[in-house]
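So, here's a batch of structures to check.
Consider the two complexes below, in which chain A is the common component and chain B and chain C are the respective partners.
Our next item is the complex of A and B:
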């Protein structure tokens, strides 16, 4: 059991990492980016391309891919999401859904349906482990991912609270109208927030490729994990995202212990329980929830 | 040259014409009181000057520059700061963070967090408190302080006494008196006629989106302004250059 809990906590670091960008974009721009998983897979493919064709190790490749992801995020916000947001709340969701389909199919067209991994390019880090007291074996990569998630979330927290740009982004997320009236360039703040979110997605994509295999259509599963972790942790809360990731991963590893196919189901059950508790405590009540589920509440 | 010139300004909310061909000007160091009943168009006019509402026609000229099409954050950079109705603080942020946001425009000047805290001493012990946890008076002081932090040439104050107890309003106005004495140019939207006339040099009374009366505050009789306020005085009294 202890082993499952430790592995679950470490896996939670990865989920926090992939949920972080989704949660960040939602909290600042109120956009649910359905292309989130596909963009993570795009980053993994970019690193794979650099490693296989140009012999650039993935950790070094991040120096190229992460700035590229930042530019993609900035351009996405400026030229796609900002414009679609003018058409109402639903349009950006549909736009990112369309974007996910485009990314998936372009990757399929370029790389085919084969599954790939970055593991062959990181030496024995992909399978090496430390032995902890109590005959616990923890993967070095899993620990690195967990530490990266904590450092990233902590760094983001510091950036948002201690810097002028961070305050501008928080002000934009709270009240864009008033933010403009105090001198914040809301368009710029949103574009920078999107760029930051894409950097976190790029990092998550890199770790996805290192710890597992991926193919052009792997984005949907990653989006699901990110969405579940973000909802469990409370979308918009950075440390909540870490807790959400850990809860999701613990539910999955404990689910796998109960039944061989319980890994995904365990996570979904935890997500649904938290979702219902959130809806129930949001003031809708049980009757409101039933009316909501039958579509009687707009 | 006037610091602010509003020329034949028309602002619409959808089909509703909230401001209908308003013209006036404000000189450097003046305090203009904008009075009128609810729905007269005062707040819309102020927000149009600040860039929060786009004008359907007409011009806002600030310090010689036409502000047509200039977004609100750029107007702050040029020296126009608005204290919006209802304070509109960032409630998840502390008082200090709200004040520091006022510096985003990057204008140089004498205003700092310390100076704001000296001007509004009631904020000193609340410096690290979340803005959402402040009393109405403390929130208003923070909102004014936030606008001052941008070192504005023109301060637009929208209903600063709204929802505050008379005692707190006295305190806010005592602080404002200091700003007025220091030569800050102010446009003040106020429901309290006596207070508006007592702190301002000029007064404009709006009715149904138009200027019903404009003149010097000292010369304007309370009766005359009251008549304009309620639409009993349809002709503008003149005195404020268009």
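Our next item is the complex of A and C:
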């Protein structure tokens, strides 16, 4: 049982990683990017292509894929989101949904229906484990992912609170018009925020590929995981996302224990329970389910 | 000469003609199976189902401002309950409609919950509901997981009776649902719905019952999509949870409504026709067809967010099945025909009757 809890917590690190980009973008631009999961899968496929075709190991491949994801994020904001956000709050949902369908099916067209994994390209890291006191075996990769999530969330928090660029992104998220008045380049801040979000998505995609298998249509599931973790984590801070990820993973672990097909059900049910509690305790009509306060100074 | 007062009208001459045209078209469609091949009858049934799906999604998103990417949950449930009811011994054709009523009833508690979410959160929250429902339906032993099952009891009817009955049921369902929707949107509820879409807080402040109105729309859309799911089951007989709970159905609805014209009554019908033709011509190209659908939806939402009908309507002032009001300001009293004056249209705001 302790073993499963530890595994669950470590898996929560992955969910936090994929969720933080979603809630970050929502906080800054008030847009939920429905192509979020598909872009993570895109990154996983890019790494797979580099590894299988050009023999570039995935960790090295990140040096190519992450900058590429940043460019994609920037372009996404400049050419799609900025434009569709002008048409109201509903249009970006439709735009990003269309984008998700295009990405999924282009991946399917290119790579076929086979499930892939990056595990064969990272040597023994995929199955090596450390023995912890109490005869606990924890996978090295799971620990690396968890640590990466903590570092990324901490780094993002520091970036937002301690740097000028971070401050201008925070100002934009609070009130874009006023931020513009005091000299913040809102378009630039948004584009940079989108680029950062896509880098986190790229990293999440890499870890998805290393710890499990993926196929062209895996994006939807990842999007739901990201959304659930972000909502469970709630409106606290970026660290809330980590808690959300852990709660989601533990609920899935519990679900799998109750019923062989209960893994996903456990996660969805936990999400709905948290949603229910939040709806009936807050009573604010939930303007910002996902929104974390970026203005919080530690 | 007295000051010309603006003329408020509900429709144009064109819309009165269109009303008669619709009646004639429906009559012709009802007689059509006499002249159509079996395959064509099946295709027409599919078209009617697409129109239902599109009209229901449009009612929710275009008029209610509630964009959901989880509407496949009601499509799947419509089929699932029909299987369950038929298995319990109910006549398969009757169970199609009882099933939709149950779907409507199920959507009520879901609405209590989900309608408190906004925009993207509602959209993706519905997707979670759909994913969860899919998993739960898989647990039912009758369904046998992803293997699925069939509506076996429909086999007691011979193929042509079955085909014709389903055709007429689909046509009748489509007509009835469109008529209900039209009546709803044209009445005071419709005005409330559009007021909520345009500004929820402002609508609430002038006394519109925001939650009740949204819920009505949500339940109606669930019911309609439930009918569509049950009818689809009747045409295809087999029930595989994966195909019915697929997000693809929502993708189709979004494509149809975006291309046709979101928030216009005619747009959903036009979009369904276009989708039907595209599917007929390009459906065989498989994955490129899906890429094309996604890309078209993307392009329309970026460049032509009002869709084809919305654009035509704006440009030429067309009104065929008008659910709103328009105000014509006569330029001068002698020019009563208003042929040259471009009419200022007010379709969205009106005090509650």
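For the reader, a short list of remarks on this structure follows.
One rule holds in what follows: the second predicted complex is superposed on the first by the 281 of 298 C-alpha atoms of A that agree within 3 Å, B and C clash if a C-alpha of one lies under 4 Å from a C-alpha of the other, contacts with A are read in each partner's own complex, and residues count from 1 in each chain.
Quick note on the criterion: a contact is a pair of C-beta atoms (placed from the backbone, for glycine too) under 8 Å apart; a residue touches a chain by one contact, two chains touch by 3 or more.
The structure displayed is predicted, hence computed values, not measured ones.
Partners chain B and chain C, once the complexes are superposed on chain A, both fit on it without clashing. In the superposition on chain A, A:171 makes contact with chain B only, while chain C stays out of contact range. By the touch criterion defined above, A:94 lies against chain C but remains apart from chain B after alignment on the C-alpha atoms of chain A. In the overlay built on the shared chain, the residue A:276 is in contact with chain C alone; chain B does not reach it.
In the superposition on chain A, contact of A:154 is made with neither chain B nor chain C. In the superposition on chain A, contact is made by A:181 with chain B only, not with chain C.
Touched residues of chain A, counted separately for chain B and chain C, are more numerous for C.
Touch criterion not met for A:67: it reaches neither chain B nor chain C. When the two structures are aligned on the shared chain, A:120 is found in touch with neither chain B nor chain C. Shared-chain residue A:268: touches chain C; no touch with chain B.
Our summary of the superposed model lists a minimum C-alpha distance of 14 Å between chain B and chain C.
The intersection of chain A residues touching chain B with those touching chain C, taken from the two complexes, is empty. Remark: chain B residues 50-52, 71-73, 76-77, 81-82, 84, 88, 90-93, 97, 100-106, 146-147, 150 touch chain A in the complex.
Residues 161, 164, 167-168, 170-171, 174-175, 177-186 of chain A are the ones that touch chain B when the two sit in their complex. Those residues of chain A lying in contact with chain C across their complex are 26, 31-32, 34, 80, 83-84, 87, 89-95, 97-102, 104-106, 108-109, 220-221, 223-224, 227-228, 231, 259, 261, 264-265, 268-269, 271-272, 275-276, 279, 285-287, 289-290. By the touch criterion stated above, chain C contacts chain A in their complex at residues 61, 65, 67, 69, 113, 116-121, 123-125, 127-129, 131-132, 135-136, 138-139, 247, 251, 254, 258, 287-288, 290-291, 293-298, 301-302, 305.
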